[in-house]
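Take a look at the structures below.
Below, subunit A partners subunit B and then partners subunit C, in two separate complexes.
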Partner chain A sequence: MAEYKWPEAGKRALIGKRTNRVDGPAKVSGSAKYTYDVKRPGMLYGKILRCPHAHARIVSIDTSEAEKLLGVKAVRIIQGPGTEIQWAGDEVVGVAAVEETIAEDALRKIKVQYEKLPHLVHEEELEKVGDRAKPAAEQVSGDPDSAFKEAGVVVEGYYGLPVITHCALEAHGCVAEWEDEQNLTVWPSTQGVARVAGQFAETLGLPAGNVRALMQYVGGGFGAKFSPDRWGVETARLAKQAGKPVKLMLERAPELMVAGARPSAFARIKVAATKDGTFTAWQSESWGTGGIGGGGSPPIPYVWNPPHQRKRHTAIAANIGSARAWRAPNHPQACFLTMCAIEDLAAALKMDPLEFCLKNIALTGERSEIYRQELIQCAELMDWKKKWHPRGDPSVGPIKRGLGLAIHTWGGRAHDSECRATIHPDGSVEVSLCTQDLGTGTRTVVAIVAAETFGLPVDAIKLNVGDTRLPPSGGSGGSTTVGGVSSSTRRAAQNALEQLFAKVAPDLGVAPEQLEAAGGTIRVKGNPSKNLTWKQAAAKLGVTPIHATGKNPGPGNLNSSGVGGVQMADVSVDVETGVVKINKMAAVQDCGLIIDPKLAESQVYGAMIMGICYSLFEEKVMDRATGRMLNPNMEFYKLAGMADIGELVVQMVTGPEHDSRGVIGLGEPPVISPGPAIGNAVANAIGVRVPTLPLTPERVLAALEKGGVA
Partner chain B sequence: MGKRKRTDTKPETGLSRREFLKGAGLAVSTPLLVGEGVAEAARPATDVKILGPGKVPLLLRVNGAKHSLSLEPRVTLLDALRDHLDLTGSKKVCDRATCGACTVILDGLPVYSCSVLSVEAQGKEIQTVEGLAKAGQLHPVQAAFVENDAQQCGFCTPGFVMACTAFLDKHPNPTPEEVRRGLGGNLCRCGTYVGVRAAVLQAAKTIKGGGIHG
Partner chain C sequence: MDAFEYASPTTKEQAVALLAGEWGSTELLAGGTDLLSLMKDYLVTPKRVVNIKSVQELKGLRYTAGSGLRLGALVTIAELVEHPQARKEYPALIQAAEGIASPQIRSLGTVGGDLCQRPRCWYFRNGFGLLAKDEQGGSLVADGDNRYHAILGNSGPAYFVNPSSLAPALIALGAKVQLFGPGGARELSLDRFFVIPKTEQDREYALKPNEILLEVLVPPATKVRSATYEVRQKEALDWPLVAAAVALNLDGNKIRTARVVLGHVAPIPWKAPEAEKVLAGKTVTEDLAAEAGQAAVSQASPLSRNAYKVQLARVAVKRAVLQAAQGGV
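The block that comes next holds the complex of A and B.
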């Protein structure tokens, strides 16, 4: 049996080379079809009436006028009288009509009476949330009381990040079409094609095999697109009731109100060090909300593990759309809370935070040596030693400049995946698996791995993805995809190749083990002139193609998990206006063996930009009186634009010791550090901590009122 | 954040807000006071044609081809392109002139097609992303997007490609600063701006070098 491993560094034709995204041409020409672009014959458009109140009980619903409207084909009550609604924007009635505009007209004709109930949508002050608080048990390790008593320096601070949304540019939604009473096809906008089909089947009470899901392209997910969601299931029900395919995509406002939320996190933190800067103790009282269910507790202290700790987290039930996994769930929050406290501690010690981190690096555990190297590399990229100054830029004039840093970690263990490789007698090659490409480059990675294994160019590989009739792969979340699909593809391709070798070995007069595939040929190892072209070799198959499958997990060390990473930011703050500008950011990131450095860098650039977005602009602004989101649109829920990002530098950490770790996912890790790197740079610039993100002019000026250099 | 695109192209139907305010005898920046001007505005001027609410016949010239349609006058150019001509490259994201995902070129100018009524686009040359490649060959802007990996999920990409194409038309030799300012009207959630910056500068070189076709 084949030995499953990645080719040696010197023998890689494609892996580790800068290959262009294989679906780039489809995306730039507008021919890439997203769920949002799917149009089926006779298709109706679905719309949903949503509850305007943050907390209410439905008293009555009258849909009769809507049903009478010409062009309306189905009306369904989603949550009926008596239901307690827990957030503004929750689904109440669904409508399908021949045109989108008619469906909108129909919603206006539906009458719903509500009994309003008291709501809570603000949680930044723990004292004011009353019985909505659900405290967890206190956790203690070491002897924090003595540690704080004996400490050389103790610093206390308050820090926090509000709830933000995912805001993928393609909204949630799907198209649903019934073949007959029992068989459904859905085109979802999802991060998990294989999984979502099963969830539709389960909710609708159909056998799993009766739901087919199809998706070629998805316009972003970032963790918010795993389930069919209530609106997806209702789309299928509307389609059944109307006897026609229905398409229902969320409008931007509900997309931002109910279809994505990253839990908030606030904390009062006390940290201690000895006089020489040894980090000894941590104490935190943290809280946050992820909607009515509470929300996860951030893993603090993050990455750093001082010997003495006391911590307690309180989940708060708030009337906002429920939390969804947001790229690196809980890590950006934990990293911000921890790295800000550490920076404040270093400032109190009058120490350069880089020195503080290097001095205490052993507290980061098993990856401490990687972190040490990454800190040094990143500092060089930023010219840190020359540019760093103690807290508060002493230069005259209103523009203050500062540097900040943060470190992060992520698991990224490869998910389950099954791949089928097919070699046709005409020499064409297909690789098939029900995975999805979120824009991370999954297609490209699969094509590169298959092409590398077969010794063929990337464009010789025909890829089939996004269809539940193909072998299943896991959902794309938690940076688990690249490890899974690259490993299953490698094994499938090696298995297929083994069969081909067996077929052609007699013609070349050697044993199959002496053959290799390279440069478009099947050749004898050590004697490359003795070969068959790929086409000649495939022709030996006669009329029967080779089908071989490969799975992950499986034999051979093709992937692993656990990465580190460091980011640093250089910012300017105008202390008269409060405006923060990013001058430069650098990221140093390890992720094992890199299949395509070009796409890997894109992931890191993208994550840093997303980080700039949540550091400077993003916040779900809630109205205390009505409990509604005040900015469910893209002019007031702001994302960074081209002019807001400064200069970005990405350095991927590579080399034999990283290659030997196999493939590890990269989607999450680089989005974790930007918040504290930027927040710390601002504190370093203006001499005072701006405690909560986003670092809006208003928050910066409020902090400056209390001190700093202005 | 960057320059606004023109969505107030002069309509034949007298429906633009600017024209309305001008007609009411008010400068755009003048505070609206209740008075004679407003009273006058409430009375429709005699030359304003009222369309709808039912469907009206419509002629659109898209990528050089003429299309006759019958649509309610409230249908935007974006919806007409996507739902009635199956040109789905342009995307709807914010639906209110903020993100640029719906950018098309109207008589040489980039516009947010979500905020242009299809009736207003009549008599104009409409160029969409689908019409950019010629004879199967990518336009230099598209080729540079692929080469510089200026797309991830790709949902913002067609709008960006159109905005960049129109931008390079106006600024054949852009400085990096002009690129930053001039393309601030398009938003990307995946964070492809580094690739887009590089792509625009590279495309500018290709176009100058005679690499443009058609």
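The block that comes next holds the complex of A and C.
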């Protein structure tokens, strides 16, 4: 039985080296095919008629005119008369037609009568939401009343972040094709190929094995693409009714209206410290919405755990598209609310927030020493000590500069995964598992781990993913993928190698345990000249390939969970216009053993850019009167462009103590801190808190009217 | 989108003969950067689309010291931006053109299209109509999310802002437009080209439904210093929140006359005579520029969510004046 572990630092040929992503050329050249690119023979195009009202009851539906339109092959009522619709854009009728434009024209011939019902789409003012508020019980720890009474400094503030969307480059959708009455193939755009097939089967009443899901590439998900969704299931039903394959991809407007929202979070927060800057107490009244279901409660105070706390959260049922997990669910909200309050407390104490954090670092618990090191490292990258100034940049002219910081955490425990490694007698190697590469580099990580284990170059590994006929692997959410697939691949490859060693050991005249795979050879440990080339060794298999599987969880400590990170931002604010520019951001991040530093850094860069987007620009703007989203497009749902990003610096924390933790997920944690790091930098620059994101000119100028340097 | 007839005339006479006498049943296609999205969103549903890209006389950019700049309606934004004499003589115009969206839009979009594009008002673009009225006839904008709407000329029923990037600069530079219809050509000062619609059926410009825009004529500006300053939150692919174009006719350091035009603040490009009066006869200083900015917004009456745009307009005028005085670059 092999001993399952990662190779020692000095013995790694590929792990920890900067490998380019293996699918880069396919993506750049356009040969990578996404669900959007799938075109099946005779394929129809599906479209969905959506409810224009935020809250309504369907009275009647007349589809007769649409059915008569030339080229329309199937019309299906998704939600019939009597149904209560809870958000604008919800699905009412599906149509499949030979052309997209015909399907769209058909939708406009469907007559639906609605009875409009009262709606709520704005939740920022808690006192105006009425019975839509669902308060949870108050939680108290320690003795907050005494702590606030005895405190040297108490600061009260109001902070918040609006509902935003996921805004993946590729919209939701799928292609569905029936092989016969009982067997379905789907090409979904999903974060969980293995899981989504089962969900299709369950909803359609098919045996689990009768649905095959295929997906090679996906244009982003960020937490919004786990379910087949009602539109996916309807695609399959339209395909069955029409007797032809159907493709239905959401247009950008419904993508932004209904296909995922990050819950908002607003809070009135009171924090206290002793005169010398010891953080003692927290009190918060928080609220937010994630749609009609209310939405999650942000874990506040976040990372920091002062001894005396009182908090209460109220979920608000609003008539907006429902919430979905958004990259590090609840953490960006919690981090913003907490780190802004802490920065305001430090400002009231006239303390550098870096000093405040270092002084109170024990309140971050078991990870405090890592946080301490990361804070110091990040401060060096930013030249913090030299550049930081107390609140309000005193320099003349309208441009004010400031620094801000935040810290964050995430779990990232590996998901279940099964991998099959195959060594063919011709020496070729296949690694097969039904995982998916969200653009994070999963393919590359699997190939590196297999190549490292076999002592082969990365391009010697043929990789099979994205097909439910392969061994199952978990969905890509919660930053669980890299730990899962790297561990199952390592075990599968070690198991395969063990069989190969057994086969060739007699030829090399040693016991199998004395063999190792390195440099394209199978060789005797300590005597590398005694070897067979990989090809010679494989040839000993005769005609029978080796198939070996590896699973996660499994033996050996290949992964764990729990990471931390620190981010700092340097911004300029034009106090005459309220425009905020990012000069520089730095991220210091740990995530255990890093398989490919280049890809790891790439994850952090992407997360910081996403963080800049939600800090400065993103907001799902809802219209009070009509209940409709006003910016369901890329024109007014604003995202950063290249020129808006500034200089980004990423430093991954590595070393033996991190390697020994094994592989831990990284996709989510670095998107948590940008909001408060940027928000705090703006407060530091202009001398007054801009309480809510995004930091638009409107909000910055409104804050400056109340105080600050202007 | 609904099926439509597609016509591709080669002369201006053919083009206007293909246009209907009322708005809506025919639409002109030039760069298409606005029309296609309007059609895909069913905001316009023409029975006939008249492609004017083959009408040669609508093309061409010409500059002479004597008569100034002639911009055919089909001149692309990219052609304008790259024209060396236009760059030298009309900084306000070039700065405005450079602010337009993206290289792709600048390559396809035309000068005529920039002047005739429809408002970006999110109520209009979401299908609530040009004047965005609710079922009772009240304005969705006045009581709604009007953060990007008008702060001037907004007594109703229109609250959107004119989206043209070039118009404020062109008006500040004294441009005229040549229009052509069944009765022949007519000339109009560009500031009279834009109108505030009163009904859903109106358009935002003085073209008749069967007229086309032929060309824009910008007088020589050898003695004029000009600049455009746009306040924009994002660097690219975004509309300015407010823009100001300033043209200063200088006598040494002294301003003989000034023209100040604001963009994105009113349903039409907004001339600011109050600011022009402040500037006339004075020497440019930071204080004077600020005073002009203040004067430019003296008549502003913000809606519920857009008071910040008053401040942005004030600053845009101030900065455009200072930028123009420094030579416009």
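Everything that follows uses one rule, which is that the second predicted complex is superposed on the first by the 710 of 710 C-alpha atoms of A that agree within 3 Å, B and C clash if a C-alpha of one lies under 4 Å from a C-alpha of the other, contacts with A are read in each partner's own complex, and residues count from 1 in each chain.
Rule of thumb we're sticking to: a residue touches a chain if its C-beta (ideal position, glycine included) is under 8 Å from a C-beta of that chain, and two chains touch if they have at least 3 such contacts.
Owing to the predicted nature of the structure, the values given are computational and were not obtained by experimental measurement.
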Quick one: classify A:Ala625 as touching subunit B (first), subunit C (second), both or neither.
second
Who does A:Thr696 touch here: subunit B (first), subunit C (second), both, or neither?
second
Touch test for A:Asp467: subunit B only (first), subunit C only (second), both, or neither?
neither
Please indicate which partner A:Gly641 is in contact with in the superposed arrangement: first for subunit B, second for subunit C, both, or neither.
both
Contact-wise, after the overlay, does A:Asp416 reach subunit B, subunit C, both or neither (first, second, both, neither)?
neither
On the A-aligned overlay, A:Gly219 touches which partner chain: subunit B = first, subunit C = second, or both, or neither?
first
For the three-chain arrangement built by superposition, which of subunit B and subunit C touches the greater number of subunit A residues?
B
Using the touch definition from the top, say if A:Thr101 reaches subunit B (first), subunit C (second), both or neither.
both
For A:Glu498, using the defined touch cut-off, is the partner it touches subunit B, subunit C, both, or neither? Pick first, second, both or neither.
neither
Examine A:Gly30 and indicate which partner it touches, taking first as subunit B and second as subunit C; both and neither are also allowed.
first
Residue overlap on subunit A between the subunit B contact set and the subunit C contact set?
101, 633, 635, 638, 640-644
In the complex of these two chains, what residues of subunit A are touching subunit B?
20-21, 23-34, 36-37, 39, 100-101, 167-171, 217-220, 222, 251-252, 438-441, 598-599, 601-603, 605-610, 613, 633-635, 638-645, 648
Subunit A residues touching subunit C - in the complex, by the definition given at the top
101, 104-105, 108, 576-579, 616-617, 621, 623-626, 628, 630-633, 635-636, 638, 640-644, 696-698, 701-702
State the interface residues of subunit B toward subunit A in the complex, per the touch definition above.
1-2, 72, 74-75, 79, 82-83, 86-96, 98-99, 101, 128-130, 132-133, 138, 142, 145-147, 149, 151-158, 161, 179-181, 183-197
What part of subunit C is in contact with subunit A in the complex they form?
1-2, 42, 120, 122-123, 125-126, 128, 134, 140, 143-145, 147-148, 231-239, 241, 305-306, 308, 311-312, 315
